[in-house]
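What follows is a set of structures for review.
Here come two complexes built around chain A, the first alongside chain B, the second alongside chain C.
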Partner chain A sequence: MTGLRYVYAVCRPFGTPLQSQLTGVAGDPPRGLTHHGLVAVVSHVPERDFAEEPLRAHLEDLDWLTETARAHQGVIDALTTVTTPLPLRLGTVFRDDSGVRTMLEAREEDFRRTLDRLEGRVEWGVKVYAESEPQETAQPAPKAASGRDYLRQRRAQTRSHEEMWQKAETFSVTLHEKLSAFAEDSRLHPPQNPALSKASGRNILNAAYLVPRAHSEEFVEMVDRAKGESTGMRVVLTGPWAAYSFAGEEQLTGGEKQ
Partner chain B sequence: MTTPSRMPEPYGQQSGANLADILERVLDKGIVIAGDIRINLLDIELLTIKLRLIVASVDKAKEMGIDWWESDPNLSSRARRDELARENAELRERLARLEELEPGRAEQKEAP
Partner chain C sequence: MTVVEGREVALVDLLDRLLAGGVVITGDITLRIADVDLVRIDLNALISSVNAQVPSPFEELP
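Moving on, here comes the complex of A and B:
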């Protein structure tokens, strides 16, 4: 076997096989490498793309990054349907299988603890967008007859923008409080860059919630209800994701950092 | 294993997810393990400069609680108010200059 080993996730052994057509980041199907009762999900990647220098160069290329990120997420997603995976960050690469085994051994305790904590739980993403400039599109301003009229219109516009922002903030805070009270844990992420998300409106809330699968239906319904609650607010639900936002080491100590 | 019966899309498709949703998770979340190939994602110019979402610290946002957007001038209502006040003053000044240049027009409109 040649090539490097790209590791997607660590999980407990699972009986169900992965989808047969599933391909990993470089087209190679992912497989499980079992060691000490843990499974590293691994695929082979060519050295010409994944050795340090080429990988560094590729990561600067948004098209390559997009394709690789989607393939990585595709594998994590497939795992999420059959088990509770601990997703590793993109670009975790070892020279050979024995390097992967050594890593599993070295981190065994951490992995088990985190797997126990996340077992049977998924992540849901909830974003709130304030639709941009709803006032202006709703009632196009008549052409200002004078400077004074223009200023008056400006002031009215400013006021309605201000009201819209207040409303968006209040709506987001209320929704986040409600959802985080229901979820086991939550994380606030920075608002998204529209250049990447291609989403219209301004992203006000970008949050992740850790929810047991068994309670996910109820969670989805809560979010659905919020969708029609306020005009000018768009609520977007994504998921179920593997618990990406809750798998990091900083959470191993449990709960919020001071 | 029980899965919720009601999913937004077929399980495993993530079709509601945009590129930012995926990148913020696979690049910025998940478990960090130093592999044999040493890449520090934060060293990548594209990620740190072009994709601002990667450098914004989630921990910082967390510390700040739900008021986290206050620190972002793009999102802070205080920053927006300041900007609007500035814009307003600038417009008033421009208007005064215009009315000086066009006394006839301004008088005509403001005549009782």
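Moving on, here comes the complex of A and C:
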């Protein structure tokens, strides 16, 4: 067999076969590679695109990255319908099957522990945006008649900005506290760059919450209630996701690592 | 499946998870691009190439 091995996720063995039309990141259908009672979900990828150098170059190419990310997610999504997958970072590639087996063996304990922790849980994403632009563009400041007027306008503008950020910050902190108290675990992602998200307003909170499937309805209701709570704040819910944001920690016992 | 409110999953939300989440495998046997710093740098280059005209939110006061 030629090509490299792209690994999407590690799971416990699952009885149901994956959809036959499912294609992976390079068009090759993913299959399970079972070793030591764990399954690595793998597909073959060509060396010309997935060896270290070309892969690094491809990551700078938005179209390639989009296609690959969606294909990766497609496989993870399919897995979530049959099991609780432990997703791997995008672009985890091995030379051959034996490399994948060696990895499964080396990380066996971690994988089992994490799979236990994530079993039956999903991830929900919650973002808060402060909608600042509309008011600013709606009423352009009148031309300042003097230097003093100009400074006064600038001060007023700065003050209203500060008040808005303060309000957004307070709203986000309160919401995050409420949601993380309900969720089993939470992660804060860096606020999203508007150039890439094309979303209006400034992204203040970008968080992920780990919630048992059974409690998801209640969680979604909490987020829905927050949507109408404060004017100028936009709350966006995404999910359910596979627990991407909670797959990373191997050393859980010592508490949060800095 | 991962769609709430009737919209397709946004690429940024996906990249938050795929490039910063997921299990990181380290070791000589892999050819992974799993180093967070490396990915961050790549992503920054990517973002600046997407639209150089969109100003950073931190520069809105001239």
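Criterion: the second predicted complex is superposed on the first by the 224 of 258 C-alpha atoms of A that agree within 3 Å, B and C clash if a C-alpha of one lies under 4 Å from a C-alpha of the other, contacts with A are read in each partner's own complex, and residues count from 1 in each chain.
Just so we're on the same page, a residue touches a chain if its C-beta (ideal position, glycine included) is under 8 Å from a C-beta of that chain, and two chains touch if they have at least 3 such contacts.
Worth saying up front: this structure is predicted, and the values here are computed from it rather than measured.
J.: Given the superposition on chain A, are chain B and chain C in a clash or a fit?
T.: clash
J.: With both complexes overlaid on chain A, does A:Thr34 touch chain B (first), chain C (second), both or neither?
T.: Neither chain B nor chain C is touched by A:Thr34.
J.: Hey, is it chain B or chain C that touches more of chain A?
T.: Counting contacted residues of chain A, the larger count belongs to B.
J.: For A:Met103, using the defined touch cut-off, is the partner it touches chain B, chain C, both, or neither? Pick first, second, both or neither.
T.: both
J.: Which partner does A:Tyr150 reach: the first (chain B), the second (chain C), both, or neither?
T.: In the superposition, A:Tyr150 contacts chain B only.
J.: Just checking: does A:Leu65 make contact with chain B only, chain C only, both, or neither of them? Give me first, second, both or neither.
T.: both
J.: For A:Thr174, using the defined touch cut-off, is the partner it touches chain B, chain C, both, or neither? Pick first, second, both or neither.
T.: Neither: A:Thr174 stays clear of chain B and chain C.
J.: Just to be sure I read the superposition right, which of the two partners does A:Arg213 touch: chain B = first, chain C = second, or both, or neither?
T.: The answer is first: A:Arg213 touches chain B but not chain C.
J.: Name the contact category of A:Tyr244: first (chain B only), second (chain C only), both, or neither.
T.: A:Tyr244 contacts both chain B and chain C.
J.: Kindly list the residues of chain A that each of chain B and chain C touches, one partner per complex.
T.: Shared contact residues on chain A (touching chain B in one complex, chain C in the other): 4, 7, 10, 50-52, 55-56, 59-60, 62, 65-66, 69-70, 72-73, 77, 80-81, 86-95, 99, 103, 107, 114, 125, 158, 161, 187, 189, 192-193, 196-197, 202, 220, 237-241, 244-245, 247-248.
J.: Residue numbers of chain B touching chain A in their complex, please.
T.: 1-8, 11-14, 16-33, 35-39, 41, 43-47, 50-53, 56, 58-59, 61-63, 66, 68-69, 72, 75, 77, 80-81, 84, 88, 91-92, 95, 98-99, 105-106, 109-110
J.: Which of the residues in chain A come into contact with chain B in the complex?
T.: 4, 7, 10, 50-52, 55-56, 59-62, 65-66, 69-70, 72-73, 76-78, 80-82, 86-95, 99, 103, 107, 114, 125, 145-148, 150-151, 154-155, 158, 161-162, 165-166, 169, 172-173, 176-177, 187-193, 196-199, 202, 204, 213-214, 216-217, 220-221, 236-241, 244-245, 247-250, 256-257
J.: Report the residues of chain C in contact with chain A in the complex, numbered from low to high.
T.: Contacts found on chain C: 1-2, 4-5, 9-25, 27, 29-34, 38-39, 42-43, 45-51, 54, 57, 61.
J.: Where on chain A is chain C touching in the complex?
T.: It is residues 4, 7, 10, 50-52, 55-56, 59-60, 62, 65-66, 69-70, 72-73, 77, 80-81, 86-95, 99, 102-103, 106-107, 111, 114, 123, 125, 157-158, 161, 187, 189, 192-197, 202, 206, 208, 220, 237-241, 244-248 of chain A that touch chain C.
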